[in-house]
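Take a look at this one; I'll ask things after.
So that you can tell them apart, the chains are marked A, B and C in the order they are listed, and the count of residues begins at 1 in each.
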Amino acid sequence: MSSTLTQGILQELNQIRLLDPHSHINPLAAASRNLTDILGYHYYTELVHSAGIPREAIEAPGIDPRQRCERIVAGLPQIQNTVQYSWFQEICREFFGFEEPTIEPRNWERLYDSAQRVLDQPDWEAKVIERSQLEGVFLTNDFDDPLEGFDTEFYVPCLRTDELVFKISNPAVRGRFQSATGSNPASARELRTGLAALFQRFVSRGARACAISLPPDFTPEPIPDAQADILLEKLARGLPLDPSGLRRLSQAIFWTIASLCDEYRLPFDLMIGVNRQVYPAGVFQGQDLFDSRCSLFPYAGLFRAFPRVAFPISVLSVGLNQELVAYSWIFPNVIAHGHWWYANIPAFILADCRARLQAVPETKQIGYYSDMYKLEFALPKFSMYRRILATALAEDFVIGRGWSEERAVALGRTVLRGNVERVFPGLGK
Amino acid sequence: MSSTLTQGILQELNQIRLLDPHSHINPLAAASRNLTDILGYHYYTELVHSAGIPREAIEAPGIDPRQRCERIVAGLPQIQNTVQYSWFQEICREFFGFEEPTIEPRNWERLYDSAQRVLDQPDWEAKVIERSQLEGVFLTNDFDDPLEGFDTEFYVPCLRTDELVFKISNPAVRGRFQSATGSNPASARELRTGLAALFQRFVSRGARACAISLPPDFTPEPIPDAQADILLEKLARGLPLDPSGLRRLSQAIFWTIASLCDEYRLPFDLMIGVNRQVYPAGVFQGQDLFDSRCSLFPYAGLFRAFPRVAFPISVLSVGLNQELVAYSWIFPNVIAHGHWWYANIPAFILADCRARLQAVPETKQIGYYSDMYKLEFALPKFSMYRRILATALAEDFVIGRGWSEERAVALGRTVLRGNVERVFPGLGK
Amino acid sequence: MSSTLTQGILQELNQIRLLDPHSHINPLAAASRNLTDILGYHYYTELVHSAGIPREAIEAPGIDPRQRCERIVAGLPQIQNTVQYSWFQEICREFFGFEEPTIEPRNWERLYDSAQRVLDQPDWEAKVIERSQLEGVFLTNDFDDPLEGFDTEFYVPCLRTDELVFKISNPAVRGRFQSATGSNPASARELRTGLAALFQRFVSRGARACAISLPPDFTPEPIPDAQADILLEKLARGLPLDPSGLRRLSQAIFWTIASLCDEYRLPFDLMIGVNRQVYPAGVFQGQDLFDSRCSLFPYAGLFRAFPRVAFPISVLSVGLNQELVAYSWIFPNVIAHGHWWYANIPAFILADCRARLQAVPETKQIGYYSDMYKLEFALPKFSMYRRILATALAEDFVIGRGWSEERAVALGRTVLRGNVERVFPGLGK
């Protein structure tokens, strides 16, 4: 058994201070205020809902945090096998000193109270950052986020563009676009001017990336300005677009954003393959699913068109990860990026991680990001990844290829930390 | 090496008495009469045919069992590597005391004779049930099965609906439908009345599930009664339907059956992804294959429409299993169900099993079913699964998560036995 | 840990002399002339290009080998994690006695010179063949290859048909066809006559296989001669074909070739799933990628139509490999063939290899081929495969099934060597 070796490598990996290249942290409320903030993470609400807790019980309006916590806890016994539950257990042990082997209806209240004492500390945010060895956390910012009131060197802005690409026909979004940019998007030129203003503002506030999540059937394609003009003008006049018009408009905006990534030298994070609202009766953020019939092939034209733009790609299936391995080994501007959402499970991570380490240039893969909404999750999620990474390094490189332990750790450092700085340059300045 | 640990867990799993939630047992002839009944399982005939034995040799009309056995045995040396062969070897060792390492042309006759002595025992059925620790076996019953002459508490009826959904245009099937239900399916209303009569009869005879296998391109959708009426009336008048009409009629019947599952509180087992008759020159039951370009996405509307119906889902590919993991973690009424047919191979089972244990609520996954045609197969097939389950529990939970052995065994018990009772309630009453 | 067992099995597998059933060796220049021939393998040029080396640097016209080597070496530090790099390292250690743990800008020149001394030996080709334990190497021959000047018993001709199927509309290809066959392909009959002449010539020169690589959307189908006549006549008159006409013509030629494989008793190697020119700005041979949305289902009609033709199938994705496992277990004429290109990575090979060993008749799988362009690659590539095969045999058969080590080695010998002779009969005569 290679466990001593794996433990040795893990110990070294555990020393590495982290830059987390993708999260949903609200920098104005980054840490949890109570246990419910932690247990309210969609992984728990959706899993306990799946195991039988009604959505209404969890999402009742006006429900107080303690009561909500109790209701979520009621479903924990059914999900204790899941790795997501294990993150929660690790948080409770590491941060709140909770040593019992499970958290359940009979013991949650004591936990709730001890958690409260910890979370109430005025310097808790700083403490959890220190304990989690975080040196920077990327955000996911709405296009009209003021980006103010926080340290943008630590909380790195990232322009999230889903709304721009897929919701521009919504008058509210158009209104916010006009407020944020001063441009009324009634033509391709005005749209681009407005988008450029957003890029300008984000970059001036230290943004290091642009990001978007995409449905399995999205096909990036350039759309002639003349066509986009017609579509945008229709919208400006309050007329609806048919599905094909909406699709072409999304393509036009997406392509324009890619060209601005080129102009402003921002990597464009693509998160590929999610269908939204597949289960609309599900809990908040627990309604989307993926479709394995998805390929990177439709993205090849994008990668060719913008050779200077780095595209860190996240995928949801093992099958698509195999394509991603091949694409990042062939295209200089394609980067394999973390282990996203439904693929963020040890069985899938290990398979995906091994394939990347074996076949993608070491400088072209970013090991992991937390995707977290609250700071407390960096610790257990990165821990999980580091254990898997240590296993792959021990088995495939030290044992399988005869590498020294030091060399294996150096490779680990490159994918875990070095490449975040390499792909998103300018960090920490 | 974790082998002592794995063995310890396996020993505990081996104590668990089984409910087998899906088989093709004929309860009037459940045990094998001779070795040929065992070796005539389609896994052997198709594998030896694939390895070179002509179909005609195996399926010659009038061939006697001993001769047929000899012809299948002729192909065994080419398939001794397969796990399917290993089931046969285990049956011969465990039930017939055959200790040689292989079965082949030089030694099969002695085996045939000793098997005969065992199988000829008048209480063999009871003995094999006891040795296999079976406490119940689900059947696969034709819609017009009389369901008589057997103990429905042990041999649990299950309404198989493939013929109803996909063959209703066949006059013979329509005739049997009318005989079985008293309804002539010439309208949506009559169809539903007849189907309800089937459900009534099955439920009154202790049925615990409805089941169907579906091709990769099937799309569940409700069809308005008015449309179904036109199609059914055409059929009633002896007119043919075009492919699109046939497809819509299948959708209409499928949806009606789902609504009856709701009404009669029966889980609806969906076995998704098989193309029939891909190799029509193959041996009996050795002609179907799967298509990996298949998704659960088209089923989302069904899961939404019938939130009270439990849908235990079986799939054939590792890619689709990854979707199934996500769907059973999100949809309360989706259950991951066993390891079906082409996916029933250790390499695939282990990958699928690990992912489910790591990410699906423990109450929402049924570990295994035998899919057997003869009782003798429960023992080796469940043995294979238990070894894999023990490996996953040992490595991922005891070693990987620090669980006690007892706790890991309890999780094993839940997926192997407890969830069969949970998903198909009313068993054993 | 099973390492002693695995090592023992590996030692036995290492004694097996090899027939390599697929390569791109030029038999008139089979061995490398200098280190650049080795490092010019597309795996290295594409990986270092992906890691940042401009294509122009590597492919500058008139660049001398030593300079080209230096430029490729500049990218090696970024790809030392890859298994492809490890092949290079193994070549340098085993053939050139280079013992340093890495090859990089600081030490490559010494290596270049020692390699030169080895490669300059007049009997180097014989030496590398002996060291690599090769007893035969299949080639990939253009249809108009003269097949002269080499020992066709060792370098086994194989008729590659991509150009015929997909480029027949190109006047240059048509011209070469006419020169090689004496037939002007202006009708289905003339086409078939010409193709038959190619088969005749190849078979008379010892060819053992016909081969083709196919895009993911190719659908084999017979085309009536009358249709093919119209298309061929159009081409003969210098008129262009529309995409659908080109597609039908490809189908017609492909089907004719399959029928000639039947007539001339040649296996037809199908390499399924590659899109050409996905990244046309990439290095030579580093421009193609696969699409995971691919199935063997469209090939079922071909397998049915030519039951006497053996179809060794290569695939590029784990998902398609799972289909291949099922197809080779059902269709007598489908053979699982090696681990191709993007799937030729240990993480994928191990998964694919295990599934095949567990579920496909042992006589219906060919373990590995080198796909090499230069002889030096047989050694590290087959070594990689043998280590993986030893692991699978040790874990799944000796430990998992209680087989003796000898029996496991025998299974290894069958898939590594025996089946090459079985599937491509007449070798070594």
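The working rule: a residue touches a chain if its C-beta (ideal position, glycine included) is under 8 Å from a C-beta of that chain, and two chains touch if they have at least 3 such contacts.
Everything numeric here is computed off the predicted structure, so don't read it as measured data.
Per the C-alpha superposition, chain A sits rotated 120 degrees relative to chain C, a value rounded to a multiple of 5. Under half of the residue numbers found at the chain A and chain B interface occur in both copies, marking it as a different-residue contact. Note on chain placement: the centre of chain A and the centre of chain B lie 39 Å apart, centres being C-alpha means. The multi-chain contact residues of chain A, meaning those touching 2 or more other chains, are 1, 293, 318-319, 351.
Residues 1-2, 293-297, 300, 303-304, 307, 318-320, 322-323, 325-332, 351, 354-355, 357-364, 396-397, 400-401, 403-404, 407, 411 of chain B touch chain A in their complex.
For chain A in complex with chain B, the residues that touch the partner chain are 1, 46-52, 78-84, 86, 101, 275, 278-282, 286-287, 289-293, 317-319, 342, 345-348, 351, 387.
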